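The structure follows.
Chain nomenclature is as follows: A, B and C, assigned in order of appearance, with residue numbering initiated at 1 for each chain independently.
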Amino acid sequence: MTKDNKPEDIWERLDRIPRHVFYTLLLGLMIVSLLVPLGLPIKVGAATRKFYDIVDAVPNDGVVVFDISFSPGADPELGPQFTAILHHVFSKPVRVLFTVFVQDGQMMLQIYLDRLKPETYGKVYGKDWVNFGYRAGGISAMAELAKDMTFFKTDYKGTPLSELAVMKGVKDYRDVSLIITVTTASGGLSSPEDWVQQWATPYKTPLLVAMLKMMIPNTLPYFEAGQVKAYMGGTDQAAEYELLVERPGKGLAYTDALTNVHLLVIAFVILGNVGYLVRQRRKKP
Amino acid sequence: MSEVLRKNVPLAITFLIGMVLFVEWFLAVPQIGVAGTALRDFGVTVSAFALGLGAINLFALHGGHIKARTKNQWIYSLALLAALLLFIIVGVQQGVQGSQYKWIYNNIIVPLSATMYGAIGFYIASGAYRALRARTKEATVLLITGVILLLRNAPIGPALWDGFPIIGSWIMDIVTTAVYRGIMMGSSLGILALGIRTLIGMERGYLGRE
Amino acid sequence: MISTDIGVWIAAFFTIFIMSYAYKDNPLFKFAEHVYVGAAAGHAVVMGIVSASTSSWIPLTKGQIIHIIPLVLGLLLYTRYHPRYYWVSRYPIALLVGLGTAISIRTVIAANFTQQIAATIKPLSAVPLTNFNNLVVLVVTVTVLWHFLFTQHKLATGNFGLIGKFGRYAMMVAFGAAFGNTVMTRMVLLLGRVDFLLFEWLKLR
């Protein structure tokens, strides 16, 4: 009922739809979209193509520092990106050094290594790749690593780095071909900004950032200035990367559901504005 | 003497460490470089110890609730401390590579963490309905750009109209980049000012209670 | 065929308990929330032990005596709970604050100022669209910075105020774009949980 006890019509009710209606519609649409995918085509964008090309251009026996800085909370969005990039990197004859500066990163890395199984790519631990394990200290540790790649002294199991063939000839930032960070970390831990400040700007080491879609605006200034060479944000780009590396995964699987959900949110916005504008019009004498 | 040890010496330590790291960065003095490396090495270990502080606070707070049998709270506090102890005991016994630790991590922390962040999706949807309204000129600009970006991000956007990805990309690559650059430069000035004030002892909040 | 893995069932129940908050606060959500806080804190302790062990304890046991210093400093952090000697914890905190502050501010000038300024002022190009875009970046960056000149009253009002107002509108465009990106992130995170419930728990495919 309105203030003067007239019954509300549908236009005015549009202004005050209960939130549970949205939650139910959203959940229902997600379930239907996942169960009945439409298989809509997608195109590979320039940003994803650039990311792919830079990874592909790492020379044989090049050293890639691969930083894992995300928690299970970001797994649905970063997991597909990480899987596709890891598949690409392991498919190349390069050395991979995994760094972890956030608490959950160690477990997330382990989960994905258990899934991807480096040995199926012919990769041998200690010879082709190493896991430095979690180190507290955030940017302190990151800054020192640039000066001395053996700063951590041991890998995650306690094996001295001097005993691992993968570290042969790797002394400092000059021996690193590329940094890839898969991150949701905030400043001071292992955020894109930290890698830009501690590695990419002072030492000009090429830096690629894979992150949540909502982090892209904060990273764009660095990308435009050339401090970040390429970025990947969001499941849409993960889907494009999966196409490029020919390994379909969750990125492609979520594409249709994402389309439907976005259209639903737009419908909510339009409904809200229609109801609001009608109310405003009717208030005017 | 007591005041010196309690307040002045820690402030002096902060200042000295800052100076060592600045000299190390801007001048090539090998001995200072060695000192800087040692400091960073120490920092990694001390940061690791800091991770236990949260657990102690939780024990104190929730242990108090259990002891006092706080109504509508103590049973949840019991669950909290049980989970905390479970992870510590299994983790210390097996290490994080142990199969049981991985099991409890994958089946407790992963779903809880993922759903905590995922549930925000519900609120974004209702928030879009409630907040994204053309109340003022600025709000209208925000609303229109929001919808354009939603259509650009939706995989179907380009299929609906070629213009969505073009306009959306221009907004992101040009306008958003410039805005966030301005915001970043402004906030970096703040960080710089706060950092210098901290190093010279004008900001003392980190010392805690008097 | 529904999953028979008890771990998947535990994960599914926790997922549903947390999601139930969207409808109403309830004891199941509170239980799951408290378990999460406890588990996360426990995991942090374990990772702290792992990091301290690999960084200092193992080198100390192999003869590097200097590592006793950070181990002692780390233990001194816990004196903050002592009613009389709480001030001793200021020493390791001073180390951490000095380290973190200096490492971040010594690089911020190059990364966030000089390189960004260089990227904002670009030379003219043969392509008119590039020149237009570069001009927009320059104008928007300057007007956004102008908007935040709150302490300079003369620059924030009158005709000068229009410059800041333009920056404000530019910020609305950027925040609208940021909102669009945020929607995608949040929806994907929720989609991931729905995917888990449908395909790993209920095994509908």
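Everything below uses one rule, namely that contacts are C-beta pairs under 8 Å (C-beta built on N, C-alpha and C of every residue); 3 or more make two chains touch, one makes a residue touch a chain.
The model shown is predicted, which means the values in this text are computed figures rather than measured ones.
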**OP:** Assign the assembly's chain-to-chain touch graph to one of these shapes: line, ring, star, complete, other.
**Re:** complete
Original post:
Among the chains in this structure, which pair is joined by the largest number of C-beta pairs in contact?
Top reply: B-C
Subject >> Rounded Å distance between subunit A and subunit C, as computed from the means of their C-alpha atoms >> reply: 13
Subject >> Rounded Å distance between subunit A and subunit B, as computed from the means of their C-alpha atoms >> reply: 16
Original post:
What whole-Å value do you get for the distance between subunit B and subunit C if each is reduced to the mean of its CA atoms?
Top reply: 4
Original post:
Tell me, which residues of subunit C touch at least two other chains?
Top reply: 22, 43-44, 47-48, 50-52, 55, 99-100, 103-104, 107-108, 112, 116, 119, 137, 174, 177-178, 181-184, 186-187, 189-193
Subject >> Per-residue multi-chain contacts in subunit A, two or more chains >> reply: 23, 26, 73-76, 103-104, 106-107, 135-138, 140, 143, 156, 213, 216-217, 221, 224, 234, 236, 258, 262, 265
Original post:
Out of subunit B, which residues touch more than one other chain, so two or more?
Top reply: 40-41, 43-45, 47-48, 50-51, 96, 105-106, 109-111, 113-114, 116-118, 121-122, 124, 128, 132, 143, 146-147, 150, 153, 172-173, 176-177, 179-181, 184
Original post:
Considering the complex alone, what residue numbers of subunit B touch subunit C?
Top reply: 5-7, 9-11, 13-18, 20-22, 25-26, 38-56, 58, 60, 76-77, 79-88, 91-92, 95-96, 101, 103-124, 128, 132, 137-139, 141-150, 152-153, 168, 170-186, 188, 191-192, 195-196, 198-199, 206-209
Original post:
Can you list the subunit B residues touching subunit A in their complex?
Top reply: 33, 37, 40-41, 43-45, 47-48, 50-51, 96-97, 102, 105-106, 109-111, 113-114, 116-118, 121-122, 124-126, 128-130, 132-135, 143, 146-147, 150-151, 153-159, 165, 172-173, 176-177, 179-181, 184
Original post:
Where on subunit C is subunit B touching in the complex?
Top reply: 7-8, 10-12, 14-15, 18-19, 21-22, 30-52, 55-56, 66-67, 69-71, 73-75, 77-78, 80-81, 86-87, 89-109, 112-113, 116, 119-120, 133, 136-145, 147-148, 167-184, 186-187, 189-193, 196
Original post:
For the complex, which residues does subunit C have touching subunit A?
Top reply: 22-23, 43-44, 47-48, 50-52, 54-55, 58-59, 99-100, 103-104, 107-108, 110-112, 115-116, 118-119, 137, 174, 177-178, 181-195, 198-199, 204-205
Subject >> subunit A residues within the subunit B interface of the complex >> reply: 17, 19, 22-23, 26, 40-43, 45, 71-76, 103-104, 106-107, 110-111, 135-138, 140-141, 143-144, 147-148, 151, 156-157, 213, 216-218, 220-221, 223-224, 234, 236, 239, 255-256, 258-259, 262-266, 268-269, 271-273, 276-277
